[in-house]
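In this document, chain identifiers A, B, C, D, E and F correspond to the written order of the chains, with residue numbering beginning at 1 in each.
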Amino acid sequence: MAHWLSQPLSWTTAAVFLASAVAMLLVVLLFVTYAIYFERKVIGWIQLRRGPNRVGPYGLLQSVADVLKLLVKEDVIPDRADRTLFILAPVIAFVPAFAVLAVLPFTETLHFADLGVGLLYYVAVSGITTLGILLGGWASNNKYALLGGMRSVAQMISYEIPLVISVIGVVLLAGSLNLKEIVAAQSGGFWNWFFLKQILGFAVFVVAALAELNRTPFDLPEAESELVAGYHVEYSGFRFAFFMLAEYVYVFAMSALATVLFLGGWHPPIESLGFVPGLVWFALKFAFCVFFLFWLRATMPRVRVDQLMTFAWKVLLPLALLNLFLTALVKELVA
Amino acid sequence: MAVRTEELLLNVGPQHPSTHGVFRLVVKLDGEIITDAQPVIGYLHRGTEKLAEDLTYTQIIPYTDRMDYLSAMTNNYVLCHAVETMMGIEVPERAEYLRVIVMELNRIASHLLWFGTYLLDLGAMSPFLYAMEEREKILDLFNELCGARITFNYMRVGGVKWDAPDGWIDKVRDFIPYMREQLDGYHKLVTGNEIFLRRLKGVGKYDAQTAIAYGLSGVNLRCTGVRRDVRKDEPYSIYDRFEFDVPVATEGDCYARYLLRMEEIRQSLRILEQAVAQFPKEGAVMAKVPRVIRPPAGETYVRIEAPRGELGCYIHSKGKDKPYRLKFRRPSFHNLQILPKLLIGENMANLVAILGGIDIVLGEVDC
Amino acid sequence: MTAGISGEFVAFFLLSLITLGGAVFMLSFTRVVHMVVALAFSFLGLAGLYVMLEAEFVAFSQVLIYAGAVSILMLFGIMLTRHDVDEEEQDRRRRHRTFAFVAVLALFVALFKGIVALVPAGEGKLAEANTLEIGKALFTKYVIPFELVSVLLLVALVGAIVLARKEGHDA
Amino acid sequence: MLGLAKGLGYTLRRLTEKKVTYRYPDVPVKMPDRFRGIQHFDPDKCIVCHQCERICPTQCINLTGKPHPDPTKKGKVIDTYDINFEICILCDLCTEVCPTEAIVMTNNFELAAYSRDELFKDREWLAANNTNVRSENSTNLLPGGKKS
Amino acid sequence: MTVTLASYLLVAAFLFCIGLYGALTKRNAVVVLLCIELMLNAVNLNLVAFSKYGPQPGIAGQVFSLFNITVAAAEAAVGVAILIALYRRRSTVNVDEMDTLKR
Amino acid sequence: MIEYINNYVLVSIFVLLGLLLPVAALTLGRFLRPHRPTPEKGKPYESGVEPTGSSWVRYNVRYYLFALLFVIFDVETVFLYPWAVAYNQLGLFALVEVLIFIALLLIGLVYAWKKKVLTWT
């Protein structure tokens, strides 16, 4: 990709870019399909069930069937809803989810846009999804949806702050916002990976990322036992699918981001294991992150909304700032 | 003119995932704070008590199955117990042991289901399925004993319908250590979980006086420090033969109720252990009763300790084969009354924790 | 980069269209929530223009703060107040509007003349290490404004809390 | 934090345990002998004593008798016998009172139907439902508790 | 057809004028706030444009636009807060009715 | 410069593709899915009963306060990023500056904390 990025823009390069983006889209869709399948399987196994096993061999086509069902499902828009925003909201939620993938590097060579401000791009663009969720909740003209929307937004904005501050520690160590350079700064064994040097920042990042993803134990926005389904109560068919898709694309993006920022990206844990391709290492770490999310979901109860907000501002934010200060201080003293 | 947040009138239920059946709660919200809560019941009303006036006593038994459908055995028992008291029937030893065994098993099954659904309300999915698996084992035992898994129709005036099949008692015996082990697992998975603790501790608190004033019973009363258990205080059946404790807590919050229910499972296992050990080898399971059951004219009220609290049965007989008036004191109905008081001023997120903590069964509330 | 209309121009045209379209729609919508959404699009278009001007960092700060944060703040502000106000116009308002329109038009004409008269100036190279440059400038040349920013933020935070909070007490 | 870690450990350990779900439609569920499924009715045994009809708490059993075709024999034989499974609560009381075991329980329980009308089962259907018939029937109710 | 400084400045001027017009004519205080944001953004665009094409191209324009964003954010925050406070008192968001100081 | 342009071309392709997918899928779905509206389907869900009152009500101010904190701290992070990137070349003085900067904002946070803005109830 680096080769194509340094070529002057022509129809050929544009076509290559387009092809790569389409490929990425397909990969992501495939990931989402099987992430949902895998999630259901893992949770099923943990709960002594078999998980989906009806559609296709081992239930492998279950998610495909689900998507097809959503596609042919009647699309109901409530009469009193704000039609325009109701239609627009899932799109607003999904587009940034896909757009953030443009900056994630998977290996030294396999990456897309190599922005100088990659991390900021991720943080900024992912913030727009919040808007989609709020609009979706509001446009439905449903009390549960409004409550859910308000809650999710309050939660997502509260945790965005610790999230963005916790990664500043990484930026300090790497001296760049470029994700490729951040990974490059972690080469040479797992003791150089930032999750060790940034253990506090990593902890804050994990918690805040979970909350940003609306995953258990922070899945309040769609707390089905209280708010039924949260902001997307009124959504059905493919409009609902796009909220869902956005959520899982963020699972992909956030796991990849965690791998890049803290788990050393494509670097092997020990130098001598360098003969294994970087993509494999990346995939392994990435898969672990994804599995961790599912594992948590099978274990944890849900946090209560007031405790959630308090926790973000009173615990995580000070911790993130402390981490930032300590990192800078250590760096100053060591250098 | 002070204008502030408008109040949001929200219907929680009847079609809502965490109202445990068809229960409706009209909630007024200020932001996420509940300013008023109005329970609406009756979506499951079947008029059991009125229907009973037109049924013979044997025919009423299947109806009691459907009151508290999570612990039908105790419901079966309370009716039979009331009629037996009126008619002065002596129930054979073996039948009494079978009754105690199934009632305690049913208490465990009921608490397990509560545990599972409560955790589901709180957002944890796995405990539900684990609890269901253990409950399944109990239901299988029931299935083998009386051919049904929920609506047993097992007890009869004067005894029980079926004797235990061969090897059934051994299966119950094997179940006890298994259940103990699983219970330890639950504690590992749930009880120490900080998120869980923070959601329950101090939530839905009330004191003993309030509890008594509202007529609460069972765990909902015992969590405030009142040691009241009909099995101990007015032993019925053969409960005076067993050694067991009545767990009591003083906090009066949801966490205390959780711990008590879990401890009650342990105590029930203790009773089961003793009952299985003392189980008579031989004997009838049915007393000699007249072909047509006609309690003498008069009234009687008996009470027993159901999983949800004090279950009472009042019979007014005119000497006919059908009751003149039949009334059940259903613990869920009485326990539910405190709900609005607990909810007002609480956070919306605590709603399910409090509602679930009371442990109601709508079949029993509406009856 | 091909002949004829350059890609740069197409991008500029589209982004300006989004920006100005968002702004115009903002004025013409009747629902306040729609206005905020239109404005958010306008902000995004502006961020695109910043990218074209090789100000990556400013561009994504714009996305982060405006499209992400300020829009949400505004939406919350709307949801906290009565927002279904129709902007129905009375005669008095119409006169006022006409007057405002003429004044704004005059201003635009003046600005237009000024801009057209502008001598094209040199073009700087900024793209490399944009963030680093900003960081260096911020912490050497502009230390005082930077610290003032924190004071401003503090004052805004405290002031807004004082103004908006209340409900907790007298409710 | 320790509690969370403990819980995670617990779930991880259960991940590899044997699964407990039934493969229900593929592998039929074996119900114990006493299971109360759908009744089997044997018209030849029926003496038209109406006891089952009378004991039924929901009055879902309807039966009519006719004079015995063999005029030398006294009593009646069964003419129609219907159970309305829309309201039947499977309480098992009918089999309990039947003196001749004409109506007995089977282990079959699959009653799902697309129409309510299909739930109205007549004599022929009930007679044809003769698989998995329960072996023990109501004998336990006799005082003295002799097991069958 | 190339994009010059003037193009950016024109867009900014247009944006500024839309904002100004809205701020002068709209009665809903929230909308007025939005219009002010728009005007500030127009200024920002100018700053960034000058930082690339100005007489002295340099990072200063971008730094100042950052400051400007900050000011705008603070303004929005306080503006909405004032709005809420006023609304609570007067139950309206109509700027024409917020004229206590005139009386 | 070429790389800069190419990067953003790629980003815009991603954005466009992200837009295209929902539009295409929803348009495709329009031909596949049934459309039989009934008045009941158009009603908002409220646990199976008729909803009472509109849901577009004025909402609790608490949400605004969190949004306010969010905006303020978001702006703060915008200034922290360049600092973190340039820290290698700036040294101790910049650290002190940032400390003052963070300290001032922490005062704001503590103020909010004291005024019970951060507690939900």
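One rule holds for everything that comes next: contacts are C-beta pairs under 8 Å (C-beta built on N, C-alpha and C of every residue); 3 or more make two chains touch, one makes a residue touch a chain.
Computed from a predicted structure; not experimentally measured.
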item	value
Between chain A and chain F, the fewest steps along chains that touch one another	1
Those chains which touch chain D and also touch chain B	A
Centroid-based (C-alpha) most distant chain relative to chain E	D
Centroid-based (C-alpha) most distant chain relative to chain C	D
Of E-F and A-B, pair with higher C-beta contact tally	A-B
Separation of chain A from chain C, taking each centre as the mean of its C-alpha atoms, in whole Å	28
Averaged-CA centre spacing for the pair chain E and chain D, given as whole angstrom	78
Cα-centroid distance, chain B relative to chain E, in whole angstrom	64
Cα-centroid distance, chain A relative to chain E, in whole angstrom	33
Junction residues of chain D - those touching two or more other chains	4, 7, 10-11, 14, 20
Per-residue multi-chain contacts in chain B, two or more chains	2-5, 8, 10, 16, 30, 32, 126, 130, 133, 189-190, 193, 195-196, 347
Per-residue overlap in chain F, given as positions that touch at least 2 other chains	8, 46-47, 51, 55-56, 58-61, 63-64, 67-72, 74-75, 77-79, 81, 84-85, 87, 112, 120-121
Touching residues on chain A, where the partner in the complex is chain F	4-9, 13-14, 17-18, 20-22, 24-25, 71-81, 90-91, 94-99, 101-103, 112-115, 119-121, 138, 140-146, 150, 153-154, 157-158, 160-161, 164-165, 168, 171-172, 175-177, 228, 233-234, 237-239, 241-242, 305-307, 309-310, 313-314, 317-318, 321, 324-325, 328-329, 331-332, 335
Sites on chain F touched by chain A in the complex	2-3, 5-11, 13-15, 17-19, 21-23, 25-26, 28-30, 32-37, 39, 41-47, 51, 54-56, 59, 63, 66-67, 69-70, 73-74, 77, 80-81, 84-85, 87-88, 91-92, 95, 98-99, 102, 106, 109, 112-113, 118-121
Contact footprint of chain C on chain A as seen in their complex	8-11, 82, 84-85, 88, 115-117, 120-121, 123-125, 127-128, 130-131, 134-135, 138, 150, 153, 157, 160, 177
Chain C to chain A touching residues, read off their complex	1-2, 7, 31, 33-34, 37, 40, 44, 56-57, 60-61, 63-64, 67-69, 71-72, 75, 79, 127-131
Residues of chain B defined as touching chain A within the complex	8, 10, 16-18, 29, 32, 119-126, 129-130, 133, 189-190, 193, 195-196, 198-199, 347-353
